[in-house]
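Heads up, the thing below is written out as structure tokens.
Residue numbering begins at 1 within each chain, and the chains themselves are lettered A, B and C in the order written.
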Amino acid sequence: MKLRTLVWRELFERKSQMLTCFLAILLGITTVVAIKNVTHYSEMAVAREMDSLGANVLVLPKSATLQDYYSADMQEDTIPEEYVMRLTMSDIQGVDNLSPKLCVPVDLEGKQFALTGILPKSEFQAKAAWGGAGIFSRPIGCGAIDTGVDSKPEDKSTLVRKRVIKDLGSHEILVGPDVATFLDLKEGDSLTLLGEPFSVVAVLPETGTIDDSRIFAHLHTVQRLSGKGAVVNCIEIVGCCEEISAGLVGNVNKLLPDAKVVTVRQVVATQQNVNHMMGRLSVIFLAIIVIVGGAGIANYMYANVFERRREIGTLMALGAESGLVLRIFLLKAALLGLVGGIGGFVIGTTLAVTLGPKLAGVPVLPMPMLALWAVGISAGITLVASYFPARRAARLDPVATFQEV
Amino acid sequence: MRRMEPVPTIVVSIALCGLMMATARQAVGQTRDSYEVASRTVTPSTSKGLAAIDAAARNGKYLFIFFWKANDRQSQTMYGVFQSAVRKWRESADSVGVRITDPNERPIVDKLGLSRAPMPLVLALAPNGAVTKSFPIKFDETQLRDGFVSPATAKCLKALQERKLVLLCVQNQTTQFAPAAMAAAQNFKADARYAKTTEIVMVNPEDQAETSLLEGLKVNPQTPQAVTVVLAPPGKPVASFVGAVTKDQIARKVAAASSGCGPSCACHK
Amino acid sequence: MLKMEEVCKSYQHRGQVVKALDGATVEIPKGDFVSIVGPSGSGKSTLLLMLGGMLSPSSGRVLLGDDSIYDLTADGRARLRKENIGFVFQTFNLVPYLTALENVQIPMFLAGMDDPSQEEKATALLERVGLGDRRDHKPTELSVGQQQRVALARMLANDPAVILADEPTGNLDPETADQVIGFFEEFNEEGRTIVMVTHDPKAAERAKNTLKLSNGKIVSNGSTRRKPRHVA
């Protein structure tokens, strides 16, 4: 006979009450763990996006609404392609890497893909040198300097990371991994799009974004085939310094008053808002668990003490000191808290890992640190809620319990 | 049968021959003309714009080209500004107007890649063919004047526009280490890797015309030592070496610049 | 061994004062077997609980040996009980979720005995009361007689010098009751002091002395085999 045997055996004596109470804590902890887990990875993804795209600026048609950075071009409205040259020929610092895009949906074997027209840098690079003598003293923008020395042919698959490509033939295409898999394409294959043959020069690596289901072709070819004329859906200005980009927005707005200029920060603001909201939600949930769960536990414990009063009286008659009685109840509370915390963590993590990617669009991994947190909170609630009932048990008058027959 | 009179026969024969020859010549001439006409419609020489570029180059003059698309108010107003400016500069600059939708002008539009350019657009070309400045949509005379650049600037711009690296050698007989710097630049250009994509441009620091270029590149015009500046397309100073320099030093800087993010960027990843 | 000196106990019940014990003075020598009898509400249980350190008197002293029990703290009295006193209740008061063996082990656990010793001793005690084969049964799986015998075994767990029994045969049939009293006699022969509250005259007869109570006062205190003596 040990203290823990006493507590453990009693736990299963009145199962239904105990389970109800336990379930409340478990569900609460599960929810908070799941929310915290998903939010953490969502925030990491946003930070990563900010890190790699944080200095980017998007030039869009004024009427465009923007949900997600990667699908900035997937809307109906357009801006004239001449905006690209306006930017190149301006003296605004930081517009060295431009990526105009025109998106045209195409149907291939029953599935829709985005045929995205892009402009290779070589087509407007020379014009960057039309800035006159002033360009020598302009502060250096970003992007690797083109030293005119190409030691090896360009690796076109860097398009996804660098967002800009140097050269692209009029009938050459780059395909995203999802497209390649669906149509069983590899480098060197040919594909007919909108009635014309194209040659696949590269299959792009996976990014986990909508770019994976794009087909990239020369902008002017796409314009011609779609009959849309010299327009684009958006111009992505690829920067690598947020400070430069901050000043960029105002200057670009002045240069292109009929366009909308947004920074990536503004785009991710939505996602960040969602994350903030989820963070706040988890705090609210936590408060609910603490209050409701705590009250439930306290209630259950008071009832437990009442039901066991004769047992407690007997133990006292047999020589149990008040400290021991207190420990019996607190140990029970701690046990419930521990199991609730661990169970909540396990279930919550499972939910986060399986549903998180679907809900937040980011991969989610378990966070072991949350286990400590979950157990701490859970045990904390159960112990605090059980303290007063336990104290009452310890102060029970055994005689009173015997007098009821 | 009556006998033919000899004199009239000879005269008529000669006359007939002459007529035949004339006709034949005419036919040949026509063929040649039509060939020339035909060839004019396919050779670049029919483009007014290109012709103007050639002429200005031959005469060592600047060329200001006014490109336009539609006869709208903006184009008309800017054309007025353009005209009044170039009239003042007749001595040193030619001028021409080009409508980019004109099929004859297709060659110059393609050459300069202006099919998607904002209109109206003025380009200033130096005698060596480099575009010294572009003036899209709106401009005034003072701005147009920036089209005139120093000779060394024009040389640099031309090389940069051909996607070449420029090694600007700022030196004269009095600057120290001039021979060493020169040798380094030449060795660099002699290297097979860089030969086709490097241009050496000489600048005398004492040349007043080049003062603004040097100041723009932060080179002291009174420099006692030779200075070698490396410029990368489209016009970024990659490195500046004061005094003696070796080919390897230049090569290292070039290699570093082409792989990095950019020297002034705070994003050194 | 056990002494009560002018002990009074009053309760407040619905505004009225009820006197459970009034000036009780008792001396129970070591090795005695006393039965406490009297009508319901006469204060028998009150007296017993006071002797066991479970109920503090409104006035007067209760002594175990030379120690005044109620000068100790509640925890001190608990320790006292643990070391010296064994209780037997009318309602057995076994812990329902523990087996017979585990119930018997409780006092040993409270005394800090190690597990193997606990099990060994508990098994021996159950065998002594004839329940060696019922070790793993829960109270609900035992008859009332068996439950009371488990309670007896539990009571012996810490080898108490004093046994306080409150109506130990109240819920038992005559045969089992007889058996239980037989055990008490055995315990008494081992030198333990037994104080037993009982309704049952047959049980009372088997004690050595009888204490009669009425309305909270001791009305007689004498040997069951001798004439009752009048106590002031």
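FYI, contacts are C-beta pairs under 8 Å (C-beta built on N, C-alpha and C of every residue); 3 or more make two chains touch, one makes a residue touch a chain.
Since this is a predicted model, take the numbers as computed values, not measurements.
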Highest-count interface - the chain pair sharing the most C-beta contacts: A-B
Greatest separation from chain B - chain, by CA centre: C
Centrality ranking, top chain (CA atoms only): A
Chain A-chain C separation of Cα centroids, rounded to whole Å: 70
Separation of chain B from chain C, taking each centre as the mean of its C-alpha atoms, in whole Å: 120
For chain A paired with chain B, centre-to-centre distance based on mean C-alpha positions, whole Å: 52
Chain C-touching residues of chain A, taken from the complex the two chains share: 1-3, 5-6, 9-10, 12-13, 310-311, 313-324, 398-399, 402-403, 405
Chain A-facing residues of chain C, complex: 45, 49, 52, 54-55, 74-75, 78-83, 87, 89-91, 93, 95-98, 102, 105-111, 115, 118, 154, 158, 166
Parts of chain A lying in touch with chain B, wherever the complex brings them together: 55, 81-86, 89, 96, 123-149, 151, 230, 240-241, 243
Residue numbers on chain B that touch chain A, as the complex places them: 113, 115-119, 123, 131-134, 136-137, 146-147, 149-150, 153, 156-157, 160-161, 163-165, 193-194, 197-198, 212-213, 216-218, 231-238, 254, 257-267
